[in-house]
Amino acid sequence: MTFATSPAPHVIAPNSVRRVMGLVLFALAPAIVMHVVFFGVGLLVQLFLGVIVALVSEAIALKLRRKALQPFLTDGSAIITGVLLAMCLPPLAPWWLVVSGSAFAVLLAKHLYGGLGANPFNPAMVGYAVLLVSFPAQLTQWLPPQLADLQLLRPGVGDACYTIFMGHLPAHLTWDAITSPTPLTSMRNSLSMGLTMQEAQANPMFGSLGGRGWDWINLCILGGGVWLLVLRIIRWHIPFAMLAAIAIPAAVMNAVDPGAYPGMTFHLTAGASMLGAFFIATDPISAATSNRGKLMYGAGIGLITYVIRTWGGYPDGVAFAVLMMNAAVPLIDRYTVPRVYGHTR
Amino acid sequence: MIVAILIMIAIGTVLAAVLAGSASSTAQREQLLTERINERLPQTQCGRCTFTGCKPYAAAIARGEADINQCPPGGDATAKVLADLLGRPPKPVDPRFGVVLPQPLVAWIDEPACIGCTKCIQACPVDAIVGASKFMHTVITAQCTGCELCVPPCPVDCIEMRTVTEVALS
Amino acid sequence: MSSLLIILLGSVLVSYFALTTPGIVQPFASDDVFDGAVGVAIATAIGLMLLSPLAWLVDRLALRPLHIEFLAPTIFVVLAVLLALCLEAVFRRQTHWLPLRMGFVLLLTTQGALLGVMLQGRVRSDTLQEAVLAGAGAGIGFAALLLAFASMQQRLRAAEVPAVFQLAPAALVTIGIMALALMGLTGLVRE
Amino acid sequence: MTPALHGGLRLPGNKQRSTQKPLRLLPAPAQVVLPLDQHAGAAAIAQVKVGDRVLRGQLIARADSEISASLHASIAGTVRAIEPRPVPYHRNGPSICIVIDNDGSDAAVSVAAVDYAAFDPRALCEYIGNGGIVGLGGAAFPTAPKLRRGQRSDGPQLILNGAECEPWISCDDMLMREHAQQILRGAAILCHALQATRCTVVIEDDKPVAESAMRAAQAALHDERIVIQSVPTIYPAGGENQVITAVTGLEVPASGLPSDIGVLCHNVGTAAAIARWIDNGEPLIRRIVTVTGSGVCEPGNLEVWLGTPMSELIVRSGGYAGSIARLLMGGSMMGLALPGDDLPVVKASNCLVAALPEDLHLRGMEMPCIRCGNCSEACPVMLLPQQLHWFARSDDCAALESLGLMDCIECGCCDYVCPSQIPLAQRFREAKPALIERLTSRQQALQARQRYEARDERLERIEAQRQAKLAEKRKAMTQNNQSGG
């Protein structure tokens, strides 16, 4: 009797890249639902566009690199890039914004370096940063959260699609009627106008935690993130280090001058802190390798985010912070190789 | 205006002093660089690079008189390592200095034919041949670097270059 | 704080450091090239930290009183050469840092960042303390980014970059994305 | 408290199937094939010719170099051939084997039992070597050279490895259940050979019956030097280094041997084989093999004469049941997939797994590495397999060396947890020879340079002496001329 042979080991755990990416997408679902509840269906359209363009550009790149299409298209990494990018954009942003950002991310940030697993920079953040730098105006057209006590004009589903695809509002709506700044931007504007923290927070859009609506979304993201931690899809080092590196300076500066600097809870639940900590910074491909490296990487992202939010020109610096630390990852990896068994150093 | 001219003259003298002064420091620096280059050479001491040994070749590279691709035993790998060290674009080994062998060869003495004249022992740069005058000589295969310097001086031509496996089988 | 970042941003993006540093353009494997990059980073960082205040002093004490500001670039180059000599004397034993035959002299005089920080310091920094700060910021920023880029290139050696993007294109895209990341810091300086 | 093993996996043991029935001794087969290089190190030199008649237990091949082991006939009969035959371990091509046909007489050579206390330690180590004893844990490293290297003046600590952490394998488990005294007897002999003051028997906590049998035997022997220690069942707790760290809390130095930290680790099977050789005069000619897997009708542990064809073991275990996906020698993590079942049982064959597809979860299509870090978390040696894989792709020897490729024990934990299903252990196995070749060539270059410089000094010194002698002669000549003149 003869038998087939293969190298040891002959048994592996039932795991696959598709399962890992699928669980990450699943963890994002509650936040997307909450986002739609508060900001309308705009996000769903953006998500649809982002994912489709990501898959199409992935297919094009794979064709050009003469690689098998099926395994790479269905591994879900392009879908995650599209989803993360769409979640960072305002719901009613014009269609060509998410399309160009997603294509740029998948083609240039991922396939130029050799496809899945080789990209030193987080593709979603490269796409988002390009959009932030090239089209700052369109990226500030955020909608107010749909809250019971706030009677704000609410664009319906038809209006949303019309705005996204036509690139401008239907006749009966005007931008200043329906848009309102995000909590971070409004906090920045009021502080820069010399208002104290208390006056800035008097604005009805601020709730107990951070911006109302936004805080719920961030809590959902936190829930999804903790669920990924429990499933051991991501490790605690990066989220813990990043959130700590945002919270500690915030608490310190708040203690130093409560009037001028918002507190820890505001920063943690505002903008993309939670999304960045649990879903963007923990992208294993572009993150640091060893545990010590992950702690330094996360802390770096948190610190730079706080610096940009407090003294920088952009309302939320998570994208830039992630890219900067991605650039530093090979240097961090070089000097944080853990001690091997049997070696002293 | 005068001040400007004076300053330009001062600059001239300073730069002249710089060039004179730097001669001593570069000599000392080259000596250190020679040591680092020598560490990366295969130490066959074969002289195929037109220098008497690996260290003289390293010194020549440090002075800039020799190129980094004159070492066939080291092959393209050594040329690449030297290119990285000196910050130059890598070059393949120059065939003029000898062909890069796929498998290293070692000397093998046909012992019955050896007349014990010790000429090969004196020629061997790494003392890999043992034997006394008028007694049979033999090559310590593990220590032979394949430099082929022992083949010409042998009066009875009983030394051949063979691969390690051929030597083991014979 | 503000001048620190503007110099960092300016000198890093302006100076073409990545492409002139030996072996940095194409992905490399050996540690020698990385040591070379470390040598360049440290030499230029020290150069920036020392020359910035020195140039400011020379400008305030000599150039302006004697009305020979037009000589600034030449004198600053000579300053760079003198500093290179001192560095060479100090780092004589560290050849693994700088395998280049030409030594520090040629490297530092051709380094755009040095001239940039000196000329900008002359105009922009009002007090000596600001010039020192600008030099320190530029030095640290320059060294950090050069080392980050060098180790990034070392890691990218194993990436299957498509043939058309090999060598320079991939390096330029990487520098581009790093610059994109640094764009996030604009606005920190309210001039 | 046992120091925690970094990483490792909690795997399904799959051992219940093969430990239900007691050990069975198979009758001598019609023909045995005994490879000369079935142990680590140099092959043994045959002492018999074709056509010789040999008795069971007779020396048929002698260990000639420092690391080698002798070989004894496992059946009585005539030597039919000494020729290359396919063998069940990694060699490039068939190995030279001695083939003996059984003549049915079952006559054994009579070797007098000896009293180990009469030997001085060094002579006892040599005598153990004469019995052809090798490590039975799977590496088959000859025991005599290991004991010689383990000699220490301050008495090392002996560790008997009964952890058997790999799935499916249960031969040590059954040995401990049924031959506990023989193991402790072997332990006493080893303690004398090494002048060891302490002996710790390590057993994983998933073998309660074996552990109680060993504790009972130790109590009966009331030899206070011997201690039984239980360790948690985590693969690969049974690796030599991992067992040593579990007992002593020290780590074996990467470039050193366990004896450098005063420890020596042997498999419990090796101890039993030593006891059988010293007390009954029977050299290593048989061993226990677990025949298991859902592809075998009656799995169990068989005591088999060396050289028996594996097909006979399967027949004795009720034959195949279903289409076999892999026939493994060893466990499912580090076992070798055999191309056929006509290969002989050798000293290292601790287990034979006839695995159906559902027994194993074979690797699917390999995807690129997403650096998720599962592997570096599971690695018992605290390496970074994702970095090793990354640099192995561009065969960057310097990085591989500094990241510790040579410390990889190829246990397969990283393969097991990899979501991209990359054959990491195999990649590292393939990358090691290139790195070893580079390290040895660098070593040779260093030695060549030292000899070159020593030769230069010698020639200069000789030249200087010649010049000095010449100068003296010239000076003496001039003095003679002056005095003469």
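Miscellaneous remarks
Should a chain be cited, it is by its letter among A, B, C and D, assigned in written order, with residues numbered from 1 in that chain.
By definition in this document, a contact is a pair of C-beta atoms (placed from the backbone, for glycine too) under 8 Å apart; a residue touches a chain by one contact, two chains touch by 3 or more.
These figures come from a predicted structure and were not determined experimentally.
Here the chain-to-chain distance from subunit A to subunit C, counted in touching steps, is 1. Touching subunit A and subunit D at once are the following chains: C. Distances between chain centres, each the mean of the C-alpha atoms, put B farthest from subunit A.
Averaging Cα coordinates per chain places subunit B and subunit D 42 Å apart.
Here the CA centre of subunit B is 37 Å from the CA centre of subunit C.
Taking the mean of the C-alpha atoms as each chain's centre, subunit A and subunit B sit 57 Å apart.
Residue positions of subunit A with contacts to 2 or more other chains are 115, 118, 333.
Annotation, chain-chain contacts: A-C, A-D, B-C, B-D, C-D (touch as defined at the top). Put simply, subunit C touches subunit A in their complex at residues 144-145, 147-149, 151-152, 154-156, 159-162, 165, 170, 173-174, 177-178, 180-188. Of all residues in subunit B, only 38, 41-45, 53-54, 125-128, 142-143, 145 touch subunit D in the complex they form.
Interface of subunit A with subunit C (complex): residues 64-65, 108-109, 111-115, 118, 120-121, 126, 129-130, 133, 304, 307-308, 311-314, 317, 319-321, 323-324, 326-328, 330-331, 333-334.
Only residues 22-23, 28-30, 32-33, 36, 66, 68, 71, 74-75, 78, 81-82, 85, 88-89, 92-93, 95-96, 99-101, 103, 105 of subunit C touch subunit B when the two sit together in their complex. Interface residues of subunit B, counted against subunit C in their complex, comprise 3-4, 7-8, 11, 14-15, 18, 21-22, 25-26, 28-29, 32-33, 36, 62, 64, 80-81, 83-88.
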